[in-house]
Structures are given as structure tokens and as C-alpha cells.
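Heads up, the next two complexes both have chain A, just with different partners, chain B and then chain C.
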Partner chain A sequence: MMQFLLLFSRQGRLRLQKWFTPTPEREKKKIIRDMTAMVLARKPKTCNFLHWMDLKVVYKRYASLFFCLAIDDQENELLALEILHRYVELLDKYFGNVCELDIIFNFEKAYFILDEFLIGGEVQETSKQTVARCIEASDMLQETMEEYMSKPAF
Partner chain B sequence: MPAVSKGDGMRGLAVFISDIRNCKSKEAEIKRINKELANIRSKFKGDKALDGYSKKKYVCKLLFIFLLGHDIDFGHMEAVNLLSSNKYTEKQIGYLFISVLVNSNSDLIRLINNGIKNDLASRNPTHMNLSLHCIANVGSREMAEAFAADIPRILVAGDTMDSVKQSAALCLLRLNRTSPDLVPMGEWTARVVHLLNDQHLGVVTSATSLITTLAQKSPDDFKTSVSLAIARLSRIVTSASIDLQDYTYYFVAAPWLSVKLLRLLQCYPPPEDGALRGRLTECLETILNKAQEPPKSKKVQHSNAKNAVLFEAIALIIHHDSEPTLLVRACNQLGQFLQHRETNLRYLALESMCTLASSEFSHEAVKTHIDTVINALKTERDVSVRQRAVDLLYAMCDRSNAKQIVAEMLSYLETADYSIREEIVLKVAVLAEKYAVDYTWYVDTILNLIRVAGDQVSEEVWYRVIQIVINRDDVQGYAAKTVFEALQAPACHENLVKVGGYILGEFGNLIAGDSRSSPLVQFKLLHSKFHLCSVPTRALLLSAYIKFINLFPEVKATIQEVLRSDSQLRNADVELQQRAVEYLRLSTIASTDILATVLEEMPPFPERESSILAKLKRRKSPGNQPGAEEARQERERERERERERSLNGSAEHKEGGAAAAAAKTSLYPSADLLGPTGPPPSTGGSLLVDVFSDSLQAGPAPLDLAPPNTSVSEDNFSRFICKNNGVLFENQLLQIGLKSEYRQNLGRIYVFFGNKTSTQFLDFSSTLNVHTKPADPTIDAGAQLQQILNIECLEDFTPAPVLDIQFRYGGTLQNFGVMLPVMLNKFFQPTEMEAQDFFQRWKQLGAPQQEVQKIFKAKHPMDTEVTKAKIMGFGTALLDGVDPNPTNFVGAGVIHTKNTQVGCLLRLEPNTQAQMYRLTLRTSRDTVSQRLSDLLSEQF
Partner chain C sequence: MSDVVERTLTALPSLLSSDPSPGRPSSTSKLGTLIRGITELTSKHDEEKLIQRELVSIKEQVSSPNTTMRQMKELMVRAVYCEMLGYEASFSYIHAIKLAQQGTALDKRVGYLAVSLFLNESHELLLLLVNTVLKDLQSTNLIEVCMALTVVGQVFPKDMIPAILPMVEEKLNHPKEIIRRKAVLALYKFYLIAPNQVQHIHSKFRKALCDKDPGVMSASLHIYLEMVTEKPEGYKDLVVSFVTILKQVVGGKLPIDFNYHSVPAPWLQIQLLRILSLLGKNDRSTSEMMYEVLDESLRRAEMNHNITYAILFECVKTIYTIHPKAELLEKAAKCIGNFVLSPKINLKYLGLKALTYVVQQDANLALQHQMTIIECLDHSDLIIKRETLELLFRITNGQNVKVIVEKLLEFLRHSKDDYVTIDLGGKVTELAEKYPSEMI
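And now, the complex of A and B:
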């Protein structure tokens, strides 16, 4: 199974964190520090896999963001790489040419999309269309634009 | 995407986020955040009730602040309130906040559970999905307790939507991982297996994950999944015509599902059914063939997905380890990848070949790639790839290529990254020892190792070289000469000084004939290093000096002078001071004979598993996939054992020297060369004991001589179901009595072995398949021996432990097993309750698998008082006035195990006319109900 997923910028700013097993806050901070340091230190053209503790870490850079996924020892690394890619595709389809700012300003959406795709550290739905349909359907449940614009900003 | 998708944006949130981004400094950011926190706090505390939108917005802001890395200590209650909102977005944000911020032991769980319960029951698929996600995300025990029964039901119900089934399957998987005891197998398991046939590939994918995890834990329950998985896989892999629509990923048919199915199959051995096996082989061949076809797309996603399936197929081939052609094909395929331009593939090929190297069918095929792997070690730019190359070289090493591989590793070590040096050192040390035909090569290799990477050479490594030199007299002269030469270097590593000191102290005499290495030269050489060394090394050198005094009387005066100097006799370190004083005294008062005895050459060490190997194994992460991993490790161990056997064939035990060894070993600091597996380093006295016990074990194993009938006696077993004390076993020779006491999940049993004969029992042993304190090895004629067993109940169980008893009576070996009366009901605590409570709980335990009922004929006279005593003896409380029929018996109790408590209710209805009983048991766990019913129904 997957243990955690981290998205961080080239400067090491964390943009999204998803933990698939309960982890104490202190531990999380340490892992985030380790991961960013380790992944950012990798030279270009090296392989996308690392061994860390008893986990495998699979990472890939998309534009300014690093996607970093930790999986159990017996999981398939190549497929983990494609999980990252599929997630990027899903974000892309939703935001239309996704960029780091989309994820910063709509972090809750990034989480919702992730939840449709993965659950409990396993892939739930690999079909891009199905996930996109689910997200779309939940968006349709939301109140209309006008309703929101009439609300105060603070 | 429709505009509405981003139209829900909370403006206030967006403004806040850009404010934070515009902050020029960390201080400014913190100031802005604190201002916002104060604002939100006042809103939450304000008199005016907040509307759903504002609540959602503020909760979202808190979430953002938390994700920036700040602590959030309020807002949880508002988030929980959002769960019950009827607006989807509000509910969604509430769940998100809880998933991210609530840890599993929060006291809010009860409230959250309430929200989840409502959504689960709502029959609205989007709401159900949200709640299932939340359970999977938080996954706490309380949640498992609350919902473990509902989720399987949702999963297998005919009218559940596909998307909900997927969430339910993975949610159940999550709960099974965190609290397996709360997710018992039931009738749903069979139906889950059939989800492999589902129309919807998404459902199949999720179900396969669930089944794989469950099958790893209880393979027998999911055996039927093998044929279904093969059929499914075959349909995906071999038929080109099938249209998988969106489950085709960059021209690869359902890669995720394929990999999961291949993983599921790795929980099982190759299918025995010929047709099934043929079909699987066909699948695997097709996957291997596809690797040779030209790619359908240039995109890396295509090749990744395709190769992911290929690697998983190879993993399955290696796991089955039964089809030589497939194994060799797999090996050739990986060989191609070794030279692939994609670094990822080279990395994975090296990793995968490691496991392939341990199969007897493919070991030779792997070996043909040695040059490529060595080349990878030299030319790969990526340290993680080089690390895999080291691993593979280690795995493919055998006697034929050991010299080459060790030499390459040593030369790589000179420039290796610090992060992986220690591991390489251990590997070189293990290989050099394992494949040494010529022990001079072994000594050279280890000394080289110390020269190149002295800092990474751990104690285990240099202990081991000494151990081996001492055990093999053909190499001692060479070792002495080599260390002597190595010590000539102006700067040598402290580890070399240790090895040098030890070896010259033992075998310096073997090279003393040469004037270039005369005793005095040897001593001066060692002593020239003395002042640069740490205290433990100095202590070792002092011991070497006293050994010199024995070996070479001509340097006695020189050494005594050194020992007598103030820097030794008054050394600030108490160990050094003591050694100097004692050795000086010993050398002055003891006669040469005594000196020669006390300081005699070390006797051989008993052969045990190399402590280096143990250390190397510890470094490896424990793989926790039971099926595949363990089988592989077992094979690996078998191979190692075989190699070691051939290597140690000549190792002999000199029992006679053992006592002397004890006296001398203590002269050296941490002289226990066997490391952690050996006896604790201690004084001569306790070592003597250890040597003694060791030789006992080394003696001919009595078991081998015994006739192979180790019958297990369970004659009196059932008598102990309702009582704790009595005679468990008796024959002409031996009587075994028991006294036992239990409290909650703990128990203690006193076992008394009585010798009924007039002859002493020798070599007596009584062992349990769990830990026991060993019993005294002899029982005098007519005497009794007592053994105490402490017992803890970890989980509910059926088979009773067996006490294995062995002894010699008048020259013949007696060997038999006695079933210990430790049954589940021993861990009962009686529970008193009123009729109303009883019936309420009785109803709660109404699920069909929770109840076990049995109707049986009375074996004993139907006496009310005896029955009452038996029920109480069984462990439950006997409840009076609960059952409307006064002739019926009703009992209640709780079974305590380490992790859980299982409540049990029982009802016994006698029918005196028919001489029959009806026994009904209800507990929260089906296995417990069954077991208790089996135990109790034997009693009446």
C-alpha cells in the first residue's frame, strides 16, 4: 500500500500532504524534512526511486512541483510512478493546464480529487473519465455562483 | 470544466491565501495568521449563530493555516457540525478537516461517528462515499468498532452502487489493517471473492486489493480466488479484441488491475490443476512476449505501465520458482534491461535479478551478466543504482566467481559513497568468509577491508577474522606475517592494531624465527601504536604483552618495564590500571609452568552462525509479505546453510580445551567473538557454565535415536475444562499433575512431574511450543519435579499447546507429548447481570454467525447441582431468575485476551424426559461461540 504522498516546490515548500496511515505530527514533520532534503538533493537524470527506511520512495518532478510517494516494500515502483502521473492528469483535466498556484488556492479541490482516486493507500479508480465524472457531479451539487457572490468576503 | 467548478471559491479564503503569499517575511506571515486566528475565534465564540457558508469558510481557513505548518487547537467542533449540513460542499469541507486534522484518539470520534452513521445510512452514494473515505482516512479503532459490521454488508449488497462498492472494499481493507480482530471473516468473504467477476473493472481493482490482503492473512479462506484471478488476468492479457475503454492506460490494458491480480497470485503456490496452470503460463508468456514487441507509443507512460506488468509477472515467476523456461526467459529479459537507457529500468532490473539469483533454476543464468553488473558498479552515476548493483553482486556470488566479485567490491569501496560503505564492508566480509577455499585470501581480504574502510569495519568483522584464524591452524603463520607487515605502515587504522595485537599475541612465535620480525621487533612495533589508540585497544594490547611474556621469555624484562611505568600502573583508566597491575604481578610471581597454562594459545571457538551475517540481516528491512517474501528468504537461508555446511565441514570441537578457554578468554576485553549470538561476555565462572551447557547441546541429540512415535496424550484433557487442578497424565513411569490459576488473560500453570519408578530419569526435558523455563534435566527415583508455565492469551484460539516430554529411563529414551489443558474458557471473567440486561445483550448478539447451538444426549446423570458447578467451573457467572423456565441454566462472562474482550452468553436447557440438552452460545465472535460450545457440550 501507499504510506504517504507529498507535493512540494523546488524551494521545499510543502503544497499538499496526504498520510494513509495515522502518523504523529512530530513524525510527519520529520518525514517531510527528510523527504524534501533527500529528493531535492538528487541530481537530474537519476532514477526516480529511493530506498528510505523500509519503504520505497518514488518521486517525479512536474514543472515546479515535486510529487513524492512512499510505498511499501513489495509494491510496484513503475506503477507508483504512473499513479503520480494519473493524479497530475486528473488535476490537469480539472483545472485546465494545472499550475502550482491552482493547487495553492484550491488545495481543498486537490484533496477531493485525490480522494476520488486513492483511498486508504490503495488505488480506487484508475479510469480518468470516471474520476472526472465524480468530481464534476459533486461540483454540480454546489450552490450557484450568484449565491456565493452575495455572501460577504469576511 | 464548467465555470461553476471554480465558482464555489470562497472569496474570503482566496483573499487570505494571497495575503499570506504577499507576506515579505516569516514574521509578517505569522502576524497575519494570528490576526486571522483571532478573527475566527471571535466568530466562533460570537453570540450570532454562524451560517453554514461562514462556518465552512472559516474551517477551510483553519485547514489552510494547519497545512502551512501551524498548530490548530480549535474549530473541530464546527467541522463536526458541518458533517450534518445538508449542503454537499459544507459536508465535504467538514470531512476534509476531520480527515486531515483529527487523529485517531480524539475524543470527538463519537460525534464524528454519529455523522458518519447518518451518511452511511442515507443511501445517497455521494454522501456514503464521503463517509467511507473518512473512515478509511481516520481508521481509528472506535470507528472500526462502530462500522466494521456495516461495511461488509454494504460491499456485498446487490443494490450498492459501483462507486460505493469500491470505497467500501478499500475502507474494509483499511480497517482490516488497523484492527484485524474487529473485521472477522463471515459469509461475506465468499461473496467478496466473486467480485473478481464483476462487470465493472473499478470494482474488480478495489476488490483485488482487499482480497490480496485478506488472502495473505488466511490463504485457505480465499483459495477460490486463484482460478478467478487467472481467468480475469487471461481475459485482460491474452485477448486483443476486448475493449477496456478507459481502463486502457496509454495502450496498455488495465495495468493496475493486472498488477494487482499478479500480486494476488503471489499469495499462493502454482495451481495444481493442469489446465489452470497452463492458462497462467500462457498469460505469463504473453506478457514476456509483449516486452519484445515494438512499443505502441513513444510516451514514457506507455513503457512504464507495460513494464510494471512485466516486472510483476517476473515477480510471480520467481515466487513460483517452478518453471525453468520462464525463469530463464525472465532472466534474459532483465538482462536486456540492465543495458537499457532508462535509469529506472536498470535500477529495477538489478533489484529484480537479486531475487532471481536465489533460484536454483536461474542462478547460472544470472551469473552470465556479471560483467554488466560490475560495469554498472563502475559507471552508474546514480548512487541508488550502484547500491542495487552491489546487492546483486552479493546475491549472484558463489564459489566460482567469489574472488572476482570480492575484488571488484573492494576496489569500489575505495571511492564508494559514505552512505553505503558499511553495508559493503559487511557484504565483503561475509562473502570472503563464505567462499574462502584458501584462507590466506580471506585474511588478505579482511586486512584490505580494514585498510580501505577501517572506520566502517565494525566489531563483528574483526572479531570474526580472529575467530577464523584461531580455528584454522593452516593460516595462523600467514596471518601473523601479514599483520606484521601491515602494521609497518606509518599510519594504520586502529582496527588493524586490534587484529594485529590479538594475532601476534597468539601466534607471534610462528614468525619470530626471522630476525626481521624477532620478538623484540614485534613488541616494539605494537607498542609504537599504543599511545595513539583508544582505551579498549590499549587494554587489548596489554593482554597481548602478557602473552608475549609467555611466548618469548627474552622480552620479559622489557615488557615488565613498560607495565611498571607510571603511565600504566597509575593510569587514570581503572581497567588499564588493573590490567597493568595484575599482569605485572602475574609475570613476576608465577612459574613458567603456570604462565604457560594460563596464557596458553586460545582453543578453537565453537562454530556458530557468523555474527556478521546476523548484522547484515538486521540491516535489511523485514519484508512483511508472508507468502512470497518468506519463501524466498527460506530458500536463501537453505542455500546459506548448505554453503556453510560445506565450508565448516572440517570444524571440530575440542571439548577438552573448553575449560581452559574460559580462564583465558576473560583476559581480552569483550572477548566474546561470537557477538550477540554468543554467551554474555562475563567472568570466567559464568563462561564455564556456558561452555558446559553448550557441550550438552552439542552432544548427540537424543531425539535422533528415538523411535518416531511421539504420540500426544489427551486422555484427561477434557476433565480440565471445568476445573483447574488434578492429574493430567499417568503411565507406569511418570505422573504429571497440574495446578493452574487464571486471571483475565493471564494464567500460570504449575506442572509436577513425578517419577514413579525406582530409577533416576536422565536428560529430562519438557518443552512447550512456546517459551518455557527449562526443567531440571534429572528426576531422582520417586522424586517430583516442578515446572512453572506462565501463559498469556493473545487472541482466541482452538488448539491447545502441547508439552513435549523427553527423558531417559534406564537407557531407553522416552518421548511423548501431553496436551496442556489451556482452553479458551480459562480466560473467562464471570459477569453478573439482571434479566433485563441479559435479554438486551442476547438480542444484540443476534447475528446468525454469532450464535452456536447444539443438541446432544446426556452422558452423565442429569443432576442440577453438578450442572451448576460445571457451568461455574467453566468460568461464567450462573444467573438465577433470568430464564423464565427455572430448570434452564443461564450464564454470562467475558473472555479476556490481550487485545480484546469477548462477551459471552450461554443458555443450557435440559430435557430430563429425553435425556437431552440444548446448549446455545452467543458471543460477539463466531469462532469463540463455536469453540466454547465444543468445549462445554462435552461436559454433561
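And now, the complex of A and C:
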């Protein structure tokens, strides 16, 4: 099961945080500090896995963003790495050649996509098309509503 | 209706792009300004001041009776952002719930998102969400049903489960697969936080397992993995089903949509492998039903991609957990060997991990690779070093204990992490107790 997912920049600025288990605020802050410090300190050519307390942390850098996923002992690290990759693929499909700015300025959309892909710490949907279609459907709904609401009232 | 769709489709690209067009204020422009403002600042103190000002402004606007749901949505997004940066915005929690309640479409969606990010299961405000969720579950708008089920699967108060259970159960029979799937996942969440509440619908899980849509079936496996972990004997009759499903997946019978880089439904495969390993443990007859499909999985996962290695790793784990079969063990051992000898560092890590797992049953395997293990001891990557020490700890015997303890102590001396220190320190003590004479 996954415990949390963090996205942060090379300067350590948090761009997205998702906690799959209830965690008190103070602990969240500490975790974010520790994770950022640990991951940013890793040299290139080292493996993508870290140990932190009794958790394994899987991280990967995509362009200027670090994706960081914490899993429990039973999980398969390589699989977790692919979960991160799948999420990046979904973001890329939605935003079209996604970059950090897309995620910064549209982070709520990044969350929507994440929520269609992972729920409660488990992979929800393994079909890329279905996730994309679901988000598009919700977006369409919103745009139709916006159109409707911006129509003049006579 | 069709011209609305047409207009929507033409408007879509500009609405979805992140550049706000000059004439129309984008709904995220205030967020954009905030973010750009923060990026320009250099000191933490300045950032604090800016955010505090922002929070005051948000607080004023959320309490004003004139704020529309549209504006509230935008305010919630900014509040989520501020909380993400570490500043507290608890005054906005109640408004997030209100937004989910009273908003429509995207406003409602942002409301639900904000609630799932702000609150956790034990928060008292969460009770206010229950009615909204109940209402949305009965909505004729399927997207609202989806939103409600998504939030239920993430954060829901334990005590209110009985109120919502019948409605969620009903969704298991919905014609749309996405709703059936989300209903299964909501039930999985309920099972995790209150298992006795969902025991009675075991037969409905079985139905989900045989669902014609692979997504729904895959979701039901999460619940099955939990149940099988607790009580493997209760599910032996399902072994045939699991083996059949795995055969079909490995044989590529699923729709091509479920392929991930040409590998058929890898997450599904791995879930099934885990379930099978629990069912086959210490049970010869059950294990015998699995040998063929395990062999097939090993064979098929030949490609050079991380995901196939992940599947191979699980296969190997399964083979070593269930009742042993010589040919499979041989193939699995070869696999582990390939991992350990691989130049790719992630695979080396997995190889060491696998060796640690199997060393109880097959100490020879570790001996076979002892040169590589010794190399890994001096690896520049601390994580590899640590895994190697884990492995060595398990293959300690009277002859090598002194050397191993020395290595452990050396690592300890350079370790700055408390947890690691405690863990390894404990191991050294354990070894000292086990081989007191050698330690002198």
C-alpha cells in the first residue's frame, strides 16, 4: 500500500502532496522536510530507492520535478517506480507535453488525474484511456455548464 | 443539444490551455498571481507575509454572503495551495464542504477535492459531508455519482458507514463499469477501516471478481488480497478462478487498452501473484494448480523493461513461498542471478532483496554470488550497502560472524540516521547473543 506521494522542484518547493493515510500536520511537515532533503541529496547513478523509517521511498526525477512515493515493506519497489511513470504518462496525455509549469498552475487538475488513477493507496485504474476519458468527461461537463451560464438570459 | 456540444468543442482548446486569454479573466488568474508573487520573493519571511495577507483576504471573501460558488471554487484552490506550502487555513474547511454541497460540476469537484485534501477520517467536520455524498450518490448525473464515490474511497467517517453502505452496494450492479469499479474501491476502503461492516456482502465481491470488465475485476482483487492475507483457508476454492484469470492476462486476452508498454495489465498480474502465493503457502495440492501459470509468467516476462522485471520479482517471490517445485526453483534462481549481476543498479537492489528473501530456503544461492555480494559491500550507494548488510545478517554463521559484525559496526559509525542506527545496532546485539564465543 502507498503511504504518500510528493512532488517537489529542485529547489525543494512542494508542488503536490497526497497522503493516503491520516497523518497529523506536524508529522506531514517533518516528512516533507526529510524527503526533500534526502532525495535532493542523492547523487546520480544511485538506485531510485531510499529507506526512511520503516518505509521504502521510491523517487524519480522528471525534468525539473522530483516524484516521490512512499510504500510499505511488502510492496515491490520497481512496481512503485512504474506507478510514478504511469502517472507522468497520464499527466502528459492530459496536458500535452506536460512541464512543471502546467502542474504548478493547474495543480487541481493534476489532483483530479491522480484521484482517477490511485485511490486509498492502491492503483485504481490500469487503463490509460479510461482515466483520460473520465477526466475529459468531467471537463466537458464543466465547459458545458460554463457555456450555459454565460449565455445571456433572454 | 448538438450546437451546444459544437460550441463547447470549439471553446474547449482555449479553455483547457493554461494561458488565460487577455479579454477573459481565467478562473485561475488569482492563483497564478499568487504563485508568481511567491516565486519572486527571496526570503521565507517575505513569503510568510504574503501568504498571511492572502489568507486574510481569502477568509474575508469566504465569509461574505455575496460570494458565488464559482468564486468560492477559486478561493478553495488558493486555500489548498496555501496549506500545501505549510500554512494553516482551517477556516476554509467548512466552506469546502459547502462548496461540495451547493456547487455543481467543476465547483462541486473542487469542493470534494478540497475536502479530501483538508480533512482526514477523524475530523468532526467530515460528518457534514455525509448528507452531500448520499445525495450525490442518487444523482442522475453519473459524474456526480463518480465524484461522490471517489471521495468515499478516500476519506469517510467510520461510524457513518452503515448509513451509506446500502447505496454503495447498489452501485455494484450499475450498468456503467466506472461506477461499479468505484463502488468496489469504496467497499475496499470500508473493509480496511471497519471489516465487520462489509462481511455480509462477500457474495457481491465474488460477482465483481467475475465482472466482464477487467477494471472492476482488478479492483475486487484489492479486497481479496486483504481477505486472503487474513484467512487463506477460506478462499482455497477460488484458486482455480485466480489461476484462470492470470492465464488469460498473461496470454494477452485482455483488451489492448490494459497494456502498459506491451505488457498486459502488469498491476493485475502482480496482485494475482501475491494472492496465489498466500494461497499456495504450505499447501501442496493448491500449489500444484499454479505451477503451469507461474512457468508461463516467467517465460513471457522476457523483455527488458522495468515492469517485466517487477513481474519477474513477484513471480520469484511466489515460487519461493509456495510448495517447492524443482524446475521452477531453478528458473527463479537463474532470474535472481541475472538481477544481482545486472549493471543496472535498481536491478541489483532487487536481486539483493530477493536473495535476502530466499536465503532461508536456499543458502547456496547466496554462496554462488558471494563475489558480487562482497563487491556490493563497498558500493558507493549507501542503500545498496545497507541491503547487502541485511543479506549478510541472514547468512551469518559461526565462521563469518566476526567479519560481518565488523562491517555492520563500520556502517553504523558513519550512519547519521537514528532509525538505521537502532535497526543495525539491534542486529549486532542479536548476533552477539547468538555467537558469544566468536565475538571476543
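Convention: the second predicted complex is superposed on the first by the 142 of 154 C-alpha atoms of A that agree within 3 Å, B and C clash if a C-alpha of one lies under 4 Å from a C-alpha of the other, contacts with A are read in each partner's own complex, and residues count from 1 in each chain.
Going forward, a contact is a pair of C-beta atoms (placed from the backbone, for glycine too) under 8 Å apart; a residue touches a chain by one contact, two chains touch by 3 or more.
Since the model is a prediction, treat every value here as computed from it, not as a measurement.
Of the two partner chains, both chain B and chain C are touched by A:Val123. Of the two partner chains, chain B is the only one that A:Asp73 touches; chain C does not reach it. Within the superposed three-chain model, A:Glu82 lies in touch with chain B and with chain C [touch as defined at top]. When the two complexes are laid over each other on chain A, chain A has residues 14, 16-17, 22, 25, 29, 43, 45-51, 53-54, 76-79, 81-82, 85-86, 104-108, 111-112, 115, 119-120, 122-130, 134, 137-145, 148 in contact with both chain B and chain C.
Per the touch definition, chain A reaches chain C in the complex via residues 14, 16-19, 22-23, 25, 29, 32, 43, 45-54, 76-79, 81-82, 85-86, 101-102, 104-108, 111-112, 115-116, 119-120, 122-130, 134, 137-148. Residues 1, 14, 16-17, 21-22, 24-25, 29, 43, 45-51, 53-54, 73-74, 76-79, 81-82, 85-86, 93-96, 104-108, 111-112, 115, 119-130, 134-145, 148-149, 151-154 of chain A touch chain B in their complex. For chain C in complex with chain A, the touching residues are 4-5, 7-8, 11-12, 15-16, 18, 28, 31-32, 35, 77, 80-81, 84-86, 88, 104-106, 109-110, 113, 116-117, 120-122, 141, 143, 146-147, 150, 153-154, 178, 181-182, 185, 188-189, 192, 214-215, 218-219, 222, 255, 257-258, 260, 265-268, 270, 306-307, 309-310, 313-314, 345-346, 348-350, 353, 380-381, 383-384, 386, 419-420. Residue ranges on chain B touching chain A, taken from their complex, read 1-12, 14-15, 17-18, 21, 39, 53-54, 60, 63-64, 67, 69, 87-89, 92-93, 96, 100, 103-104, 126, 132-133, 136-140, 163, 166-167, 170-171, 173-174, 177-178, 201-202, 205-206, 209, 245-247, 249, 254-257, 259, 263, 301, 304-305, 307-308, 311-312, 343-344, 346-348, 381-382, 384-385, 387, 621-625, 628-629.
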